[in-house]
């Protein structure tokens, strides 16, 4: 049975250091929720609190509304796939997978059936007798998954489980997580610093920074309306321009950047000193030279990226924006300093807080 | 990885192998061989007449009981040392912070810097009739008379032996615990194991080599000890080393060698069994992925 | 003779190292130490004016040997022999000790065996003028002469009895106190048959009229009688412990573990220094006298250094050595030359102290004495019985 989680004003302090600073999250039962952030942001600390390996300094952690603060790790309906997998090196694959069930008192054929089912689930049928130390990275990953899933946990915690795998395996295992999430229906919580993983798997995700949640939303919203400059950068919106002035009318407005006007959606303070204009690179295009409402910018560099080219363009005050163009697009030679017109598709620019 | 072995490597291996043979095995082989020779009253030395007199001597004057009681003491001390050292090593490695663990390590190491003689001697001041413990018991009114059995008894000997050789159990255990990834314990907990299950199903199996190494170190040290027995034992208390010393004093070399041979055989047997059962060698393997 | 000994000729360890090895290595140490019996790398002093002196460590006066050499004209190279007569005899008989050393300084008793083996040769008393000054009772030590020839020169002598607490026991004048059931668990003896067997034999002979001829050299049946007696008392719990070494002996008395024990007189002085009322008994059964005697090794004669050896021993009896040893260790060289020397050099040694020590020891030897025997005829039986006692 999937379990919902309520993180209620939780802080975790190590002396003067706040690993978690007044964090509140509601995770729905059966949701695939991702905690995204760079190392040291507090995402692993939060995972430890949910797993029961640590205790918060203040606030409450509840499962299905019930406070689990006094419940030790071994009694929580939570299982974890650890970052380094933590397979028991002195046990076979089957012994690893069956470990938790044996503690529950299962034995004999009932145990065997469950182990076999779990190995089937992760496509390791027949691997039971193998030595875990002699498996490949992907196989070890699956054993760790099977060991956690065989417990039929209400909550599955995945602590950076794909680190250390090569790109092909990452893709493969990522798909596996999605499939298993649907199969088991459990609440999955993934901790990662990799936004691709987060975006492709999550129902919802939270970007964390310095112990706080910067933004919590469905993945698409992070691109539509990043909460602030940090989140924007974290999800890959690198063009963040400082406006000289902002004119607001309802949800929309106009920002002046280096003397040029950009139409923006307003999602931050109107004060130009407290906000930036985030521009989605996928909503810019090279416009014919005399298009109205286009920005006129000078080329300051190009970078060949294989399938596309990055074109860096500068405003009069030196701020730059990046636009990706098809690698084989016929635009002739672009000289450094040459002026080009850049068109903005609807909703390309949004004013967010700094 | 298997690579074809180059002849150069075996050439390089020869000098150290010879050194090990000369320094380690040769003297032991001599002990074994000489134990079958006979004592020559004419020269006070031994002559190569094959004889089992040395071994027959072990059966006389209760000498074999000394060997047995030495082995019992060694087993008991090694076992008790492990009982104390395991939680100690656990505390140092898993519970204590950096500073505290350094302090605890220092406390364990300090005895290494005093001689066995002084260490044993100080136990006489603790366990004696007017020693710290008896004084305390009398002052608290728990006893009316000093407890005589605290000192000059097997109890005192085992206390002294434990105090002397505890570090020999602690360090291999620490070494083996350092090799255990702490997330394995978290994983066991995560899968429903309480403290004791964690200990018995994960930590103990993964530190078996350290347990056996600690046991063996203490065992061998006790078998070779004499100071603790001489300082803390009762009237005429004996242990193999004391007995060998007695025998050497009257130049009965075949007997001394025979006793040594028996003890060596027991120790070698233990090492072989231990290696088979507990994988002693794995303590020194590199298991990092 | 040396064919067994040279097999491990590359290893050398002195007996002190051997004992350390036994402690450190237990069984394994025996192998190495056995090698040490056979060979030493140092060659005996060959040049005139130097002799190799192989003696009990307590006879060493360290840097004072320089002054000794200046006065006597012979300089010794001192080597500790470990004080265990078994290995010492083995090194002389089967090993190469005679290639290395010129003079031995051994606890008395082994002279008979050494002479029988031909590893020591007699002294020529005419070449030791100072021998005249040796006290008569020291000259009468039974082990010095074999077949009418002088094999041993007494260098250090003293006599041992019982250390006891008069405040607890009153006056004690018999070894019977050691075996008195009233003192059960409050007495101790030394963990060495060489002393404890003779004390017990003296008691049985003198106070219980047992048929014992020579307490220092027990026959098989006498030994059985003595040891059975000890075993009975040990199993009755009579002894608190058997002590090993000086510090342990002192501690037993100082910390009231025992009220009486057989042992060395310096323990009494140490006890008094710590404020205890401790006395040294004058037992009716007599003292156990002991002497460390110098013997002339056969090798010295072969190498032609016998004359230098005589000069050296004459020097030991000359006064300076006795003063130095008395001051450093409280040991007595049995000659009046000590007092003469101290009176001539009052700035270095106090004549009254030297005289006091001499008179004190002389007084002990005025009474009954049985001589410690480091190598009784049945020495291996002694060891066997000692094991039985240990394991009883």
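Labels for the chains are A, B and C, by order of writing; each one numbers its residues from 1.
As a working rule, contacts are C-beta pairs under 8 Å (C-beta built on N, C-alpha and C of every residue); 3 or more make two chains touch, one makes a residue touch a chain.
Per UniProt, the chains are A, B, C = Spermidine/putrescine ABC transporter.
This one's a predicted model, so the numbers in the text were calculated from it and none came from an experiment.
Taking the mean of all protein C-alpha atoms as the reference point, the chain centroid lying nearest to it belongs to B.
The chain with its CA mean position farthest from that of chain C is A. A straight line joining the Cα centres of chain B and chain C is 35 Å long. Centroid to centroid, with C-alpha atoms defining each point, chain A and chain B lie 55 Å apart.
Distance between chain centres (mean CA atoms), chain A to chain C: 87 Å. The residues of chain A lying in touch with chain B in their complex are 51-53, 72-75, 78-80, 82-84, 86-90, 99-100, 103-104, 147-148, 151. Looking at the complex, you find that chain B touches chain A at residues 181, 183-184, 186-194, 197, 201-202, 205-206, 287. The touching residues of chain B, counted against chain C in their complex, run 27-28, 30-31, 34, 40, 42-48, 60-63, 65-66, 116, 121, 124-125, 128-131, 148, 151-152, 220, 223-227, 230-231, 233-238, 240-253, 256-257, 259-260, 263-264, 267. Chain C meets chain B in the complex at residues 1, 4-5, 7-8, 18-19, 22-35, 37, 84-87, 89-90, 92-95, 117, 185, 188-189, 191, 234, 238-242, 244, 247-248, 251, 255-257, 379-380, 382-392.
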